[in-house]
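Next up, some structures in structure tokens.
After this come two complexes, each holding subunit A, first together with subunit B and then together with subunit C.
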Partner chain A sequence: MTLRKFTAALATSALVAPAAFAADMADELTLVSWGGAYQASQQKAYVEPYLAANPDVKIIWDESSAEAVAKLRAMNEAGNITWDLVDVVASDSMRLCDEGLAMELNADEDLAAAPDGTPASEDFGDLLVSDCFAPQIVYSTTFGYRTDMVGDTPPSSICDVFDLEAYPGKRSLQKRPIDNMEWALYCDGVAKEDIYDVLGTAEGVDRALAKLDTIKDQVVWWTAGAETPQLLADGEVVMGSTFNGRLFSAIAEQGQPIGMLWDMQSFDLDGWIVPEGLPEDRKARVMDFLKFATDTQRLADQAKYISYGPARKSSAPLVGMHAELGIDMAPHMPTDPANAGNVHIYDYEWWADNRDDLDAKFQAWLAK
Partner chain B sequence: MSDTAKSGPVLAADGTPLKRSLARALRMQKMRALMLIAPLLIFVLVTFILPIADMLFRSVENQIVSDTLPRTVVALEDWDATSGETPGEAVFKAMAADLQEAAAAKIHTRVGSRLNYETPGISSLFRKAGRKVKKWDVEGDGPFKEMFLEVDDGWGDPDVWRTIQTYSPRLTNGYFLNAADMQKGPDGPEMRPENERIYWVLFQRTLFMSLVITASCILLGYPVAWILANLPSRTANLLMILVLLPFWTSLLVRTSAWKVMLQQQGVINDTLVWLGLVADDARLVMINNQFGTIVAMTHILLPFMILPMYSVMQTINPSYLRAAKSLGATNWTAFWRVYFPQSVPGIGAGSILVFILAIGYYITPELVGGTKGVFISNRIAFHISSSLNWGLAAALGTILLVVVLILYWAYDKIVGIDNVKLG
Partner chain C sequence: MALTPVQPQTPAFTAGMSALAGGFAGIFVGTANGSTGLGLAIGAVLLGALGFIFSALYKQEKPARWGVLALFVILGVAMAGIPGAVMGALFGWVFGWFIFWIATGNYRSKLPPYATSGQVLWHFTFRVICGAIFVFLITPILVVMPLSFNAEDFFTFTPEMLQFKAEGYSLKHYRDFFTNDDWQQALWNSVAIAPAATVLSVGFGTLAAIGLSQPHVPFRRAIMAILISPMIVPLIISAAGMYFFYSRIGLQGTYVGVVLAHAALGIPFVIITVTATLVGFDRSLTRAAANMGADPVTTFFKVQMPLILPGVISGGLFAFITSFDEVVVVLFVGSAGQKTLPWQMFTGLREQISPTILAVATILVVISIALLTTVEMLRRRSERLRGMSPS
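After this line comes the complex of A and B, so read on.
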């Protein structure tokens, strides 16, 4: 073999090797998300750059995240998993992990390290709340109020929600015990660090419900995140809780007279899980995409399209302007120091244990 | 011909006894009929009956505990739950062995979440112990009681072990008890505490509101159906489109439209305030309560009432009314004694349709029902898609199905199902 032939062979093998590797990966990827502006931000920040690098891959969206837990269980029982990567909130990821429906991830192997070499497990830190979870964003459930209906002193504390004298009118709250019970106890004088200890007792539950009783007549209960912005826009409620990104789009994109009340905002996480039991080729493709889509730059890019904070510490300094409105996104992030002065950290483990029990009590209280 | 042939059985042309030949022909005919309906029969069986039966079976199924924790279940048999003491080392040792196997197969958290429906806290006990137990030597290590208590002192709670013992049989009535606002206490079934009872209220409310919705559909639909049936067919067809138009519109759109109409800053309230009938600070509350649900659902279900009534009324001969009047009946008597009895089968058909649809509705109550206007189906949907307590959802669904069947039976006894006509 001449030297020339040898180098030619080497060059071809170098060219062929990645192609052979790619052939082991499926070329179709089904992503499950929430639809709307959030899914659009994922499309622009993760999927479009990935497709530019892997033009042969076809990506299919399924807007089923709201029913993801039930559907994954049904798929698992039928032995036919049609989804590859599923976007869920942190508490659902925990439940899917418990049920054995989501695959356990090894953060340092499966997720990319930060640009400075910090391993993923440190870069995500405490946000890796479940063994199966790859967090993307930090969002918060917080209050918005009608600026024209609150007089000269806009609400500044979460307890203004419970103050019907200073702020008469209806409020909208999510129809579930989570967050509402904690806010009620906090405004009933329980210290923040004691909330879950108090809520763990029967008297604590009664106390929280008694506090909610004081405003029960004035509450509109919502189940879909779009309801509060609509109720605020119609002037049906004077203040209401919803996801901060929904309020951002009502204020910044639609110019509604709505103000943000960040006090005691409840942080929550949203991220990916990989269903358990995928065939090897599909799993290889998913893991490749997952590593790409959760790296530092991709998470920072997502914040250009929606006002949710990236889940990596290393992404925060990279957050820039809104892609279309050209406004600085940092002050609209729930994680911005100005907004995060007093936050409520939701205890996932506690709620995983107690949500069925408290939900029964909460629903019985609602029905009274 | 011989004598034997005369007294023997009558033979068919091919020599077989006529009786057998006839039976065979009939059997062939039945088989052919069965073959014709076989595609539908198999389709319904596979896609409808079997899944429903499977779902209903979940309301009593409870294999997961004894399958995942076989040794513990056996070891717990001798433990006296009423003693108020934590079980002994043998039980903890069995649990360690079971959990290690389960954790290796990654199914230990599944049984944890199953038992967590009954006693809050068990889910995290299993999750935490599953992480630790992988490193234990089940034969050599010990004592396991201390090791478990070190993982979480919740393992020392007799209630946890009582729950495991109570739910170790492969079949359980626990879900049904739960669906009837009861629970398994130390001394058999007992009512749940007052502040956790919800399903009985919801069942009552579902039945009551479905009846109100059915009644208002009859009241509103009857005159419409009467007009449709008595107009010349060209005008009737035009009006029929008005009845059908909302029928073809998405359910969500119609429900949201009612929100716009009924809310406090909505069309109706704005008009009333503008007319001066209602003060601006005393706007009517017409949505997020029972009223809102009844209005929206009556509107949505109205076509199901009008259509069967209309098709029955079309078959009523108008000359009967004329005959009654010519014999001296007043308008009312003619209607009530002659026309109305003939239209009852249409009311019956419409009522059954509307009532059965209403009893299982959940999207509209969820959107406009607030807290007082939600149905039992909203809770079933919650347990299917959100809490994943499919056993409880199946029990609630079974109860609802049985209630509907009982009502259907009562209806058959009182009105008679033969009196129902769709045209």
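After this line comes the complex of A and C, so read on.
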């Protein structure tokens, strides 16, 4: 019968449909990001060229990525999705994907292929950690120290953070168990490959907290990425962890006396998700923007403004100079071989399973 | 002519009192320099000694006070350079005055002669407590102002700033505020939303207050309680409720929605201030107006409104400040397109600790002071008109 014809017609209409929708795209696009220098780099690398090609579009920024999961849940409950494209860290994208709050993407269809034709799924490779995630950058959480407060031997190992005798003074750490627990175990003598096995046991958790106990009264806990640069600039802390781009900005753009400690830097990813349940016209606009904003050239351009590594393999050779300072950006990238000698690969899946439990224990320990 | 006989105090008393004051000041200086106990001890010993010297051995007030001033300036320079000298001069002047104020017995001159020592002590302790509360409330606001002229992008008093060098200061954060699109959009959103919300609050609030002051309205107290509730219910609860309700009816993420939400928050202030002015309003005036043939609307605008106007205006100013300063409700009810100044400051503080926030804060503090001064002047005018205070 005409089943074959019917499927053929369906396939044709599916092919024609995107073109028909293309003419029917919304003119407004609400992007959600983290604010600060990072959002500025997205504005310059993605949004300005996109607006040059599509002058009728209006783009609104909302600096709400920090509460993206909670807000998307509320929007979903209220049946009123006001965001179009949301910048989140990899672990949040997994949660949103699992809860059905983010739309599943097909990397090869929804994201542009590399200039040499390599499909997006290969170009991003392992960084496509969730079905809903379009990665943009690789960043790391690592340490900066005051060059004028550490004497003649600047810290070179992560374990110097736990060494109060050689480096007396306050240090700032992020107020969460992730990374801190792993660093503590590593400096307590656990081999890198065994960290998550040890942390999976009750004794391992106690061991990590006991190690953190040795510096607890010297720790300033931070929650916003801008706090450590501020504390370092004030000389309130001698060293502190934060996102590497924040430290780059304080060192290269603000000229602060801060040095980088790259040892055991913790890699993480940041990327876009599209909320589930957008009306067709807005969805068409978002997908058009997403394809443009995650192509090889755009990701490479972003590295001109901030020292985060592009998530595509094909972008790496295109990374050049800082847009205003004219310094070579490659040595400031967390992925640069000189910096990535000893890195800590943070295990998303392990943390997805254990986060709630360890958060509770960590908070209880903090309150003691 | 002083009622109370003023007589010089014994050296021991002067030394003791001075030591007390020195110890009190020493606590703060010591804490700022890392050792509370040491500061307390040094302050007490130093001032005690000075008090004894100037009450027992060397009683020339003028040279002695200059001497104390010079001593503290030198101490200040030794501790913290030029800013230390300024602080030192301030301390030196106060302490020089204090020692002789005690030593000469002048401190009793304005108190009744029958006051016991305990009463005198409590009289001044109370003032010190009030002063301390005032200082601790105000200092954080004052500290922000010089920092907003920082030439660097951090909340830090740089060495150049502390030495009062011109290159340590800059207007760049103010320039950023006036040229950055995000801040400008936030400013215009605030400037558009706050007056609209104020007009609604004042209109509805005044009507409600007048209506609820009529003795024949049933359930007055219950209605009043409901109208005042946005002021009492935790803001986050109103905000979450409004979010879900406004989402259903399509008002979430619109200017109208934010204006209505802010109007609801402002109405209690208007009701309270207008109700308070209505207490002093003479109802026979409205009856007289009715007697002369004025309808209720004419009566309201010609007779009642002019008399309660100060209450209406001060309620309106509070409603305006509420909307202008509000961050929780707008985060829920607004979307990024309705980003107001407090919203922008809130995200700015969390993600990027930029001194532009301090520049904005300084501007807002100045605006708030101007508005509250207006309220206070109106209040005095209203009291004068009602003959409650001599003018």
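By definition in this document, the second predicted complex is superposed on the first by the 346 of 368 C-alpha atoms of A that agree within 3 Å, B and C clash if a C-alpha of one lies under 4 Å from a C-alpha of the other, contacts with A are read in each partner's own complex, and residues count from 1 in each chain.
Going forward, a residue touches a chain if its C-beta (ideal position, glycine included) is under 8 Å from a C-beta of that chain, and two chains touch if they have at least 3 such contacts.
Owing to the predicted nature of the structure, the values given are computational and were not obtained by experimental measurement.
> Regarding the shared-chain residue A:44, is it in contact with subunit B (first), subunit C (second), both, or neither?
neither
> Return first, second, both or neither, reflecting whether A:79 touches subunit B, subunit C, both chains, or no partner chain.
So A:79 only meets subunit C here.
> Classify the contacts of A:34 with the two partner chains as first (subunit B alone), second (subunit C alone), both, or neither.
second
> Tell me which partner A:313 touches in the superposition: subunit B (first), subunit C (second), both or neither.
neither
> Per the contact definition in the header, classify A:220: touching subunit B only (first), subunit C only (second), both, or neither.
A:220: touches subunit B, not subunit C.
> Quick one: is A:283 in contact with subunit B, with subunit C, with both, or with neither? Answer first, second, both or neither.
After superposition on chain A, A:283 lies in contact with neither partner.
> Looking at A:234, would you say it contacts subunit B, subunit C, both, or neither? Reply first, second, both or neither.
Both partners.
> Does any part of subunit A touch subunit B in one structure and subunit C in the other, and if so which residues?
Touching subunit B in the first complex and subunit C in the second, residues 66, 234 of subunit A appear in both lists.
> Residue numbers of subunit A touching subunit C in their complex, please.
30, 32, 34-37, 60-64, 66, 74-75, 77-80, 82, 224-227, 229-230, 233-234, 254, 256
> Spell out the part of subunit A that touches subunit B in their complex, as residue ranges.
Residues 66-67, 69-70, 73, 95, 97-100, 104, 170, 175, 206, 220-221, 223, 234-236, 349, 352-357, 359-361, 363-367.
> Using the touch definition from the top, list the residues of subunit C that touch subunit A in their complex.
Spelled out, the residues of subunit C in touch with subunit A are 152-156, 182, 243-244, 247-248, 252-253, 335-337, 339, 347-353.
> For subunit B, which residues are in contact with subunit A within the complex?
Counting only subunit B, the residues touching subunit A are 106-107, 109-110, 112-113, 116-117, 120-124, 127, 195-198, 201-202, 263-266, 288, 366, 370-372, 374, 379, 384-390.
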